[in-house]
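Next come two complexes, and both contain subunit A; in the first it sits with subunit B, in the second with subunit C.
And now, the complex of A and B:
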């Protein structure tokens, strides 16, 4: 996928990206009453982002997005759990949902929405974040690029440990002895 | 009710929620954070006192909030004499310990915020445990205390001793806690309630479910034994002394280890009728008592002496409930309070001595009375209380203890005689090591080690032990408040009214035995001094922890062996195992369950059930065709296209069954999967046409694969035929489709199931999704952090960008 880029593909993707996302938001909003919902919308948005990554190159996505998709997933989880906890403040059980019907909203007219939508947005964000992150990481490592940018490496890496089956001395001295560049290299 | 509930929340939940804030504040405040944390026990003690005044003892009150009502689990608290007594002890000693820790943990220590966070968390967990009314809530808090204790014992985790001690404590208290959970669930299965107040009110159906309830009792008591370090699990407590001294004084003498005693007291009215109650408690507890006392006599480390004497006293406290008459015990509060007074005090004294002299081996100490006269006085009172000298609460406790044990000897026969022997021998040893503790630390000549290391402690650190020693002395001389306390806090079913305590009961048997024990104990002490305690050393065989450590080591060896044995180099190799196992279990079960009905309906069954629907069969045939394509095509690109065609055709199948949501999901998933496979296949070996050698599996392996695949196909086909053949009267799907508008106000039943009916499942699923992603990222990482980088944490150096000024130097 890091072969020659096609101008036609790149231009089309920019249009398709917005079209897919419009559909995704539509699916998300109508999910409670018609086919759609957070999971489906999340997948659609993830696909649009993957398309975009095909056009601009997966290594460019970090520059374009400016944040780690994991943050999206985390935010989604917090939002979903928060939407569940909200009713507890008014002495209702966890994950109790409420519906509101608003009339005379400017532009939109009548709006019928509720806390399930918040929860669904949480699901949406989790699905987008997880799918994009995994696909991007796989794509980057399959293309021989560094899978994560420097600050993400610090976040997800584990300490140097000795493998469970060897009874060799702790790896810390070994690791310290090795030059730093080598450890960073792929 | 309402205001009592708020007071209770302030006492228990405020420290629970405040604990993380203490850790955060510790980053900026350093050691001064201790004074912030000091507010929590003060607040808890104050609110508990006012609660005790409000509920009108000896009455009781249940305060309840729903938690998981479906399972009968409530956030429910029982306020009665017993729980308030323990809660007041916990928060009262907490006040003293937090105060003491502020002077003890000086700038030589680091991570003050973390320390006080754990300590506050521990106090909250303790209060929750003793006040809990729901057995499940009790279990949750019970394990939380174990967790906090683990963190506190391992606080100095750069020392191996601390790590081992913490691990032992966690494994033993955690595991026995799980046994207790089993006991709790068994009680629930019999009675259908977790509610202690209800259980205590109505009693247990001992007659109908004798065996079952006996098992539950044994499991509950095992939980208590583990927590209170009873024989043969007593070894974790001395090893837990690797914690800083305030922790030892608080957790491992005054409060946490008393949870076992508390549990015995709580379930005393429920199980005392059981035939196994008295023998089990008596044998285990009095053996612990004697063993602890002997080991305390043989120990040389200041904290070890106190630790083993704690084990010994815990044995007595638990055994006390074992021998107690069925209609109620009398003096348990006196014994517990007495132990809190002297043991808390002695631990703090030991902490000050260790802090000031830098030595904790009693053989290298001595002559400290000239340097710390006040401390010597406090220690004298506390040691006298431990020995049971008249004029202290220790004397009262010992008198009543002997009196009751003689009564029990009449009632319990051989058990009583065993208990009496243990109690008398223990008292003797106790007198000896009490005198030794005082004399060898404060009297005699100052040793070289002390001269070299001594630095004076801050005077204020003396206040907490002074208060405890003062309490022991005052209440020992003036018994009125003790009487009032025992009367006021008495609990129905557990206590019977006790005769008034007095300093002088006249020339009774107990007095003479007590005198004799005192003299003999002094004799042992003098003998010890003459021989300079050369014989005092603990045989390792008697400490049991070696066996435990060996067991742990062998277990880890076994798991390594098992891992190596089951490991395959290629993930593909796991597949036949998993599939074969599924075939055997699921297929075997289905054959077993289905065979009778299949034989029965063999005649009635016709091929009509399989009558093909034209469109569906067409689609199914197309799917089958594309799957065959995957099998016979040679290039991976064409195979992949074939596989995707099968996937998209499945979508069409969903459309035929009018499931738009499923169809949408299937299309999108198919697209994402296709991307994923394309991305990854770019890295795979090229096909044989392009000249790369591919290792084909052997013929036998391929045949096995064919057999397994056919097996799975047959299994699934049978499954589907069976499910369609048996008409189900009330499918759950109908409930959802019918009630979705009414209950969830949404017309898309699939979505309302996901976000509303089964919202909790969805929450769990997205959580798993995130966890799986993080795990995948961890596995894919090629970069490992060095220990130095790791210590700095995932986000860089700790703190709000402020570098820690000093770092404890690694030994």
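And now, the complex of A and C:
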């Protein structure tokens, strides 16, 4: 999206962003007993964020989100694992779930909810985080930008380029200079 | 608290902690190593408890067996857990000794723990679909590790690994669908009970053959092994040791589990096919090994030929041959990983593992030579080392069953194994032209050698205490073949949904 931005597209996206997210929350909440759930809701939210990135540009998304989407995935993983592990503290098996029913809640009326919702929210966050991160990195490299900013580079890539065997051996310098194909080919 | 979930949960939590709370550094390394030691202790405790007749069953979310997910740890699974945690610990320690944390890749430790979680889940799970999930966790972590520190050449070699395993996963999904239409369930115990009354149905045989292809790809048996020998040598040494030790053995474990515990025991054609493919795997694997000229390549091909021995033992299909297979797996995982580590020490000293440019190691590092000889001769199967006992038991069963051709093939493969080990010995250790420099100033090799020697001591212990280990293997084999006992244990846990044993 390097060219001039379309006003129509931008304003449509601003509307669609909220609509898609409402659908996502609906999918997330109905997922307990009906088709839906954290995964599909996460995809919907991720799509909304990707639309937004098309409107404001991938670099603009950085300023807008202000954090690495991978942190969302991290929070989701912790939440999902925690929701699975909580019952173990009350001597129940892993992933055991509990439900409660509240009536006369203001605004909502009757509420039926359970701990699986926590797990689903965890899945939701993981899907949003991972999908956004992947698409943003692809989009950036497709536009010729650096795929990882400096801080990310420290976190996700190796500080050394060379493996142990090319440590500039004094005896076999010409051997190290040979292409690796040759070393492995026979 | 039920300990059945812990072998999966501990690596998973370690991975999460390490992934998000740490830059590479000493505290992080200590945390992972500590977690590795706890996991190993837990797995050994599980082995001890389960061999006295106990089985650990956990119904996830309290949903009882045919409906919910069950995790089952019987002696076979416990042994595999102990092996996987031991190999992972050795690989992690070797990795610490090899590279300072300043140059460590920040994602390597967490991914190793994710890989371990997948492997352990594959060992613990009690239903087919969860097994698929375990394979996916394991494979995704392994794809990432394979290409993490790769250059262009390595990525090219990783591609067949990725492609073949994706095809394998797809076929696995098809097989799970077929199993569900046939039996209406994916739970191992439930399938075992339902399949035993329809053993004559050709569809069951078809399912067995499909599963054979799927797990044959994972284990690397004869026509399906192309992905393995070129991709493993591109890994860094400690990871190569972990991959070589564990990943294909997950396939072997699942073959044991599926043909021993899940499918009816009367699938004669599938067992025959397994045995013959195993014979071909041994011969082709060892020929490939002879054709290679660098240590990691030779060892990677040897994985295949050794897989042939284990699968042959499964194909012979008697309780004794199952015990032999389990013993062989125990022997092989430790020997193979430690050989990769020893190769790594040689690589560190000679700065290459190409046999044409190695040499002088015996003169400068004789202890490394002793360690190598122990493990190489064990791999070839010389008494009293551990490899001998496994091969001996397999050959005895083969002769009893009258499979003379296959026994002959296994003996030929053993001799050729010895030959290719001697090739490494001659060029890397014995050969001493003066211009080959041995970098003894690089003091890392002492620590690296210690890790490899530690594994060698364990492996010598297996060889010398073979009787005790074999007894454990026999117990595991009997329990793995006892379908009704397995089903009884699984269905004895009653939770939500109520127990409805068929």
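In this text, the second predicted complex is superposed on the first by the 161 of 186 C-alpha atoms of A that agree within 3 Å, B and C clash if a C-alpha of one lies under 4 Å from a C-alpha of the other, contacts with A are read in each partner's own complex, and residues count from 1 in each chain.
Here is the rule we use: a contact is a pair of C-beta atoms (placed from the backbone, for glycine too) under 8 Å apart; a residue touches a chain by one contact, two chains touch by 3 or more.
All values derive from a computational prediction rather than experimental measurement.
Engineer: Contact-wise, after the overlay, does A:64 reach subunit B, subunit C, both or neither (first, second, both, neither)?
Structural biologist: neither
Engineer: What is the contact status of A:156 with respect to subunit B (first) and subunit C (second): first, second, both, or neither?
Structural biologist: Touch partners of A:156: subunit B and subunit C.
Engineer: In the superposed arrangement, does subunit B or subunit C reach more residues of subunit A?
Structural biologist: B
Engineer: Examine A:22 and indicate which partner it touches, taking first as subunit B and second as subunit C; both and neither are also allowed.
Structural biologist: Neither subunit B nor subunit C is touched by A:22.
Engineer: Examine A:77 and indicate which partner it touches, taking first as subunit B and second as subunit C; both and neither are also allowed.
Structural biologist: both
Engineer: Looking at the overlay, what does A:85 touch: subunit B (first), subunit C (second), both, or neither?
Structural biologist: second
Engineer: Find the residues of subunit A that appear in the contact set with subunit B and again in the contact set with subunit C.
Structural biologist: 74, 77, 81, 93-95, 97, 154-160, 164-165, 172, 175-176, 183-184, 186
Engineer: Given the complex with subunit B, which residues does subunit A contribute to the contact?
Structural biologist: Within the complex, subunit A contacts subunit B at residues 1, 27, 31-40, 43-44, 46-47, 50, 70, 73-74, 76-77, 80-81, 84, 93-95, 97, 99, 114, 116, 119-120, 122-123, 126-127, 129-131, 133-135, 137-139, 141-143, 147-148, 153-161, 164-165, 172, 175-176, 183-184, 186.
Engineer: Spell out the part of subunit B that touches subunit A in their complex, as residue ranges.
Structural biologist: The touching residues are 66, 560, 563-564, 660-661, 664-665, 668-669, 671-672, 675-676, 678-680, 682-683, 744-748, 750-752, 754-756, 759-760, 762-763, 766-767, 769-770, 772-774, 776-778, 780-787, 789-790, 794-796.
Engineer: In their shared complex, at which residues does subunit C touch subunit A?
Structural biologist: Interface residues on the subunit C side: 1-2, 5, 9, 12-13, 16, 19-20, 23, 58-62, 98-99, 102-107, 148-149, 151, 153, 233-234, 236-237, 292-294, 297, 347-348, 351-354, 357, 435-437, 439, 495.
Engineer: Name, in rising order, each residue of subunit A that touches subunit C in their complex.
Structural biologist: 71, 74, 77-78, 81, 85, 88, 91-97, 154-160, 163-165, 167, 169-172, 175-176, 180-181, 183-184, 186
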